[in-house]
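Look for subunit A in each of the two complexes below; its partner is subunit B in the first and subunit C in the second.
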Partner chain A sequence: MAARKNMDLRPMLKPKSVAIIGASNTPGKVGHIILNNYIEEGYQGRLYPINKDGGTILGLYAYKSVLDVREKIDLAVIAVPAMVVPLVLEECGKARVKSVVVISGGFAEVGNVELQKKIVAIAQKYSMPMLGPNCLGVMDPRSRIDTMFLPTYKLSKPKVGGVSFVSQSGAVGSTVLDLIAKEGFGLSKFISYGNAAHVDEVDILEYLMNDDETEVVIIYIEGAKRGREFFEIGKKLSKKKPVIVIKGGMTEAGAAAAHSHTASLAGSHEAYEAVFRQCGFAIAKDLDDLLYFGKAFATEPAPKGNRVAVITNGGGTGVLTTDAIYSAGLRMAEFGPQAQRALRKIMPMTVNVRNPLDLVGDADKKRYEDALGVIAQDKNIDMLIVIALFQTPGADESLAERLVEFKSASEKPMVVISAGSQYTQERVAFMENAGLPVYDSPAAAANSLAELLKYAKYKSGIAD
Partner chain B sequence: MAARKNMDLRPMLKPKSVAIIGASNTPGKVGHIILNNYIEEGYQGRLYPINKDGGTILGLYAYKSVLDVREKIDLAVIAVPAMVVPLVLEECGKARVKSVVVISGGFAEVGNVELQKKIVAIAQKYSMPMLGPNCLGVMDPRSRIDTMFLPTYKLSKPKVGGVSFVSQSGAVGSTVLDLIAKEGFGLSKFISYGNAAHVDEVDILEYLMNDDETEVVIIYIEGAKRGREFFEIGKKLSKKKPVIVIKGGMTEAGAAAAHSHTASLAGSHEAYEAVFRQCGFAIAKDLDDLLYFGKAFATEPAPKGNRVAVITNGGGTGVLTTDAIYSAGLRMAEFGPQAQRALRKIMPMTVNVRNPLDLVGDADKKRYEDALGVIAQDKNIDMLIVIALFQTPGADESLAERLVEFKSASEKPMVVISAGSQYTQERVAFMENAGLPVYDSPAAAANSLAELLKYAKYKSGIAD
Partner chain C sequence: MELVEYNAAARLINSYGIKSIESKYVKSAGEAVAFSKGRKIVLKAISNKALHKSKAGLIKIDLLSVQEIEGAFRDLQKRAKKFAPYKIIAQKMADKGIEIIVGGREDAQFGKLLLLGLGGIYVETFRDFALRVCPITQFDAKQMISQLRSKKVVTYSGKSEKILEGLLLKASRLLAENKLSELDLNPVIIREDGYDVVDIRILK
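And then the complex of A and B:
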C-alpha cells in the first residue's frame, strides 16, 4: 500500500512552534485551558496565542491572526466555533502552517456534512494534514505537546514510555490516559482523531509503525472508512509491534450510537472481528482489557510456550488462578524432577510441592525468594504468575521489593496478582511503577498472558 | 430439609465470652494477632487468653486451660499446633464451651484425615459446633467478633451492613473483605469455614437464611459435600435473599488444586453450574464479579424490566456501554414521546436526544440534573446507567453530590460508570460511601444490572 502523501504527522507531534487559535483569557474556555496546559507542562517551543481581539493572553502577546505571525508554525490548534473554522483554516493554509488539529465539534457528527467537506477541501488544497474535527488532539510527553482541553488537576498524565494510544473518542481517550497514568506504564503518544475527516486511523497507524518511540499500539475505533487499507496497514504494523484494539459499536444499537457520535459507519461485528484476528490484534472486550493487555505488552518478553507456574500465599486464589489459566487457553506447568527435589528440600512441611505452589498463609519474602529461585531455572515453565496477598502477616514491602528485583532478572514473562485496599494499593503502586504488571483478578492476569502468547505466535508466523 | 441439630452458629457470631486457646505474647504469632485484634477492635464481651504456661498475655490474665475458667464460654478460638487440637478440644467439651473455631491447619488438606476424624468425633460427642479446621473463622462488625489472624493495618475492615460473605478459602476471604471495605458497602458476617469438617456450607447458609441482619449472601466454595442438601437450602435461601457464588475448581486442574487446598472434591463444572442456576444464584466468573454484583444487590431495588437508559458526558463510553448492555442480555430503552419533547426543550443544540443521551464534553451538574429529572419520570425506562467522566471540565464534586441525592430519590436501579486516577477516585469513594454503586467499566455495570434483573425474575417465579 502506498502511503498517502502529505500526511506526515511529525509537525503535529514534535512541533517547534504552536499557534493556539481561539486562545482566551476566560477560565473554563477551551482556548484558555489548552494554552494554560502548554504553559503549565513546560512546553519548550514557541507559543503563539491567536485571538481575533488581540491583547495579552495568560501573559503572552496574542496575535489577531496566524497571518500576523512572522515565524514558521508547525502546528495550529483550532478551538473556535465550527462556523469560523473554514476561515481560520484558510488563514493557516496561507500562512503555510505545517499541520492543524481541529478541536471544535459541530460537523458531520451533528449532520453538518457540508461544513466538514469544506474544511477537508481547504486542508487538501494546502496539503496540510488536519486532525479532527471533534477531537481532543494529541499528546506527547516527550515533546510536551498536549492539545487537550482537560484541566491537568483532573487528569493524571502518564510518564514517558512506549505505549501509543489512538482513540476515535475523546472521552474514552482521556479516561484511558488517566488510567494509564494510574497503572504506571509509560506513554509514547496519544492521538484522538474524532471524525477522521482528513487524517484517519490508517495514516496514524502508518506513522506509528515507523515511529521508534512507539513499542505498543492501543486503538479505540468506531469505524474505519478505508477498510482495505486498514487491513493492510494493520497486518504490517502488527508484525512490528503488538496492537490492542477495542471497537465501539459491536452491537447494532452500539453501532447506531457510534454513528451519532463520530459519524462512523460501524459495519458488521463479524467483519471487524475477522479483520482484527487476521491482523493479529489483541481484541479487548471491555475498557479494562486495554489496560490489562497494555501493561503486559509494555513490559513483558515474548513467552516461549503456554506452561504457567503459579506461586501463591493463598490457596483459594491459587485455585481460581488455575481455573483462569485453563479458561484462557493456557495450561499449568508441571515442575521438572530437579525443581521438585529442590523445592521439597527447601520448603517447609506445610507446603505441597505442586503447581499452583501454595506457600501458605505465613509465607514471607524468604519463602517466595526460595521458591522463585528454583522455578526460574526450571525449563518446564514458560510464564510465571506470582500471587502476593498483602493482607497476610508475612507479606510486606520487602516482598514487593524482592519481586521487583526478581522480575528484572527474569527472562520469562512474570506478572503479579494482588488486590485490596490502602496497604495493598501502596505495594501495588510500587511494583507497577517499577515495571512489574499487577492484576487485581486471576482472569485479568491469565487473559493478559494468553494475549502475549497469541501475539508471539502471530509474529513468528506460527498458526494458533 | 431438616436442620442439623446442634449447629446453632449464634454463640460463634454473637458470643458474650471468648476464649483464645494458644494466645501468645510473641508478636507475629497467630495467637498474638487474634487476641490483639479483639482488644484493638473494642470487643465488649469477656475475653480469656488460654496458654499452657499461664502468665499474663497482652495485659490479660492467662488461664492454663479452658477448664480453669469459671464463667461460661460461648466461643473458643483454637490456634495451637494440629497435634494438640484434640486435647484442647476435649477440654472445651468438658468445659461446656458452646462453639469452637479451629484456625489451625494440618488436617485433611495435608493428608491427616485421621486427625480430622478425631476432632470431628469430639465435636459431635459434646454437640459443640466446630468451624474449620484450616480456616480464618468469623467476623461480625456488629458484635465486633474477629477471629482472623491478619494484622488490622493490612486489612481494612468493612463497615456494618447487609452483605454476608461465606468463604471456604481464607485467602479469597480476606482479599474480598478488604475489597468490600474499599468499595464501601457494608458487611453483616464473614465466615471462613476451611475444611468444613463439622459445620459446613449447608449449616452456614441455613443460619444466614434466618438471619435478619443478612440481606445478600456471597459464597466462595470449592466443593459441597452434602450436594442434595446444598441444593435444597440454596433454593430456599435464594427465594429470600440474593446469593452470589464463585466456585473454585471449575476446570480439572483447578479441581485438583482445590483438593490439595481444602480436601474438597470439586465435582463436575457442569453439575455445579446447573445447581447454581436452578438455585437462582448469580454466578461470578471472576473475583471482581463478587464485588460488582455484591454492591448492586446491596443497594439497588428490583428492576421492573430490561430497558436501560444511559446518560453520558463521553460519547465513546456511551457507545461501549450500549454494546455492553446488549451483550449482557438487556436492551436500550426508547425514550417516551413526552420525555423526548421535554429533553429537546431543555438540552442544548449539541445534544442529540436519543439513548444513550450524550450530554457532550462540557456537561455540568445542571445538565445532568435536567436530563435525570426528565428520565426519572419516563415509564419506558427500567434502569439507569449514568456515566460521569470526571476528567472533563464540567464534572466536579457538585455533580457527584447531585448524583447521590438523585439516587436516594430514585425508585429505579441506578448505577454510575466512572474511571480514572486520583481526582476521579476521590469522587468515586464519595459516591460509593453514600450507597451509589460505581463501576470502572461498561461491562461491569451492565452485567451487574443484568444479574439484578435475573434475580428479580427468579424471585417472582418468572422463568428467564
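And then the complex of A and C:
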C-alpha cells in the first residue's frame, strides 16, 4: 500500500519553524500555554506567535497573520475558536504552510459536521496534512516540540526514547504520557489525532513504521476510519516493530439483527479483536496492561523460548510467580546439570537448588550476584524474573544497582518484581529509570514476558 | 438479505473444494426411503422463517427403517406447517465426530471475516470461537485453531488439525471471492479421516 499523497508528517514532527496561531498573553489560555511550552522545552527552531492584535507575546514579536511571516513555516498550531478556523486555515494554505495541527474543538464531535467538512476541503485544496481537529496534537522530545495545552508543571514529560504513542483520545493520551514518565521508559513521538478528519491512524502508523526513532508503537483507538487499510498497515508495521493496542468501546452491543450463528457471535468488537490478533498486536485490556507491556517491549530483547527462571528472596512470592508463569502460558525452566552443580557449590545449605531459586530472607547483593552469574550461562533458560523484596535486611540500594548492571549485560529478557511502599518505590524508580522493568505483581511480570514471546513468535511466523 | 437455496449453496462450496454431504429434496416419504438405500439418513425441513432448525424440531436424525423414515416425514410435515413455505431434504447421516462451526460475514469496517468455533448446540453457550479477516494465511489458520479453548476437543490429532486447516483456507477463499453477507457451515463434523458439512446457510 502506497502512502497517501501529501500526508507526510515529517514537517509536523520535525519542524524547522512553527507558527502558533491564537498565541495569547493571557496566562491559562490555550494559545498562551502552547507558546510557553515551546519556549520552556527549549525548541530550537524559529517560533512565530500569531495573534490578530499583533504586539509582543512572551517576549516574541507577534504577527497578525501567517501571511505576514516572510519565512517558510513547517508547522502551524491552530488554537482559535472553531468558527475562525476555516479563515485561519485558508491563510495557512496561501502562506504555503507545510502542515497544521488544529487543537480547537467544536467540530464533528459536537455535531458540527459541515464545519469539519469545510476545513478538510481547505486542507485538501492546499495539500496540507491536517491533524485533528479536537486533539492535543504532537510531541517529540527529540525535536522539543509540544503542541499540548497542558501546563508543564502538571504533567511529567517522559524522557527521550523509542516508544511512540498514538491516541485518538486526548485525555487518555495525556494520562498515559504522565504514567510513561513515571514508569521511566522513553518516548519517541506522541500523536493525539482527535477527530481524524484528514490525517488518520493509517497515515500515522505508516509514518511511524518508517520512522527510525520509533522502536515500539502504542495505540489507543476507538474506531478505525479506514478499516481495511488499518488492517493492511497494521500487518506490515508489526513485522517491523512491536505494537501494543488498547481499544476504547469494547463493550458496545454486537450486530442487532443477525441471520446466522456466525453473525450473532462475531460483532464489531470481535472484529477489532480479530484484526489486532491477526496483525500480531499485543492487546492490552486496560491502561495497566498498556504500561506493563510497554516497558517490557521498550527495553527487552526477543526471548528464544518459554522457559523462565525465577530468583527470589521470598519463598511465597516465588510460588505465586510460578503460578503466574504457567497461567500466562509460559513454563518454569529446569536448571541444567552444570548450573545445578555450580549453584550447589556457591549457595549456602539453606538454599534449595531448584527453580524458583529461593535465596532465602537473608540474601544480599552478593548472593544474587552469584546466582545470576550461574543462571545467565545456563542454556536451559530463556527468560529471567528476579524477585527483590526490599523489606528484607540484605536487600538495599546496592542490590538495585547490581541488578541494573547485570541487566545491561544480559542477553535474555529480564524483569524484576518488587512490591512495597516508600523505601521500595525509591529502589524501583532507580531501576526503572536505568531501563530495568519492574512489576509490582507476579501476574504483570509473567504476562508481559508472555507478550514478548508471543510477538517474537509472530514475527518469525511460528504458530502456537 | 436472502437465503441461498440449498443446492445452489452446496454447489458454491463444492466449487471451492469443500465437500457437502450427499443430499436430495424429497417430496414424499417414498422418495426419502428410496434415497436411503438401506443407509441411515437425516430429514430436515428448510424454511426462510426458521433459523434454528433443531430448536424448532425440524431435524430428524438416525432414520434407518422404512417405518422410521415414514414416521419422521409425516411429523416434519406437521411441525413445518407454521414455517411454510418449506421443503424437506434428505441427507446421508454423517459418521460420528466433533461438531464445529465454520462461518463468515461481511463486516462494514474490515470486509469479510472468517469464524471457527466449537459447534452444535454449544456455539452460543460457550462462545468459544476464533475470528480472522479474509483472506487468511496458513499461519492464521493454525492460530485460529490454537486460539480455541476447546482446541484439544476440536482437533484431537495432528491429522484432524491438518484437515481443519485446509478447510479454513478454502472457506476463506470462498468468502473473499464471493458477494455474500453471511455464511454458516454449521455443523461441520470433523473426524480423523475427513469431515462432513452437514448444514449450509448462505445469505446474499
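One rule holds in what follows: the second predicted complex is superposed on the first by the 449 of 464 C-alpha atoms of A that agree within 3 Å, B and C clash if a C-alpha of one lies under 4 Å from a C-alpha of the other, contacts with A are read in each partner's own complex, and residues count from 1 in each chain.
Assume a residue touches a chain if its C-beta (ideal position, glycine included) is under 8 Å from a C-beta of that chain, and two chains touch if they have at least 3 such contacts.
Just so you know, these numbers come straight off a predicted model, no measurement behind them.
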Practice item. Once the structures are superposed on A, label A:406 by its partner contacts, choosing first (subunit B), second (subunit C), both or neither. Key: neither
Review point. Is A:174 touching the first partner subunit B, the second partner subunit C, both, or neither of them?
Key: first
Practice item. Go through the superposed model and pick first if A:324 touches only subunit B, second if only subunit C, both, or neither. Key: first
Check your understanding: Counting only touches as set out at the top, which of subunit B and subunit C does A:260 meet: first, second, both, neither?
Key -> both
Exercise for review: Quick one: name whichever of subunit B and subunit C touches more residues of subunit A.
Suggested key: B
Practice item. May I ask you to decide whether A:271 touches subunit B, subunit C, both, or neither, giving the answer as first, second, both or neither? Key: second
Practice item. Give one of first, second, both or neither to describe whether A:224 is in contact with subunit B, with subunit C, with both, or with none. Key: second
Revision key, fill the gap. Subunit A contact set shared between subunit B and subunit C covers 258, 260-262
**Study point:** Touch list for subunit A against partner subunit C, complex
**Key:** 223-224, 227-228, 231, 258-266, 268, 270-275, 277-278, 461, 463-464
Check your understanding: Within the complex, which stretch of subunit B touches subunit A?
Key -> 28, 33, 105-106, 110, 149-151, 153-156, 167-175, 178-179, 181-182, 220, 222, 246, 248-254, 257-258, 260-262, 285-288, 312-320, 322-327, 331-332, 349-350, 352, 354, 356, 358, 360-361, 389-393, 419-424, 440-444
Review point. For subunit C, which residues are in contact with subunit A within the complex?
Key: 1, 3, 51, 101, 103-105, 107-111, 113, 115, 117, 123-124, 127, 129-133, 136, 139-140, 142-143, 146-147, 182-184, 186, 201, 203
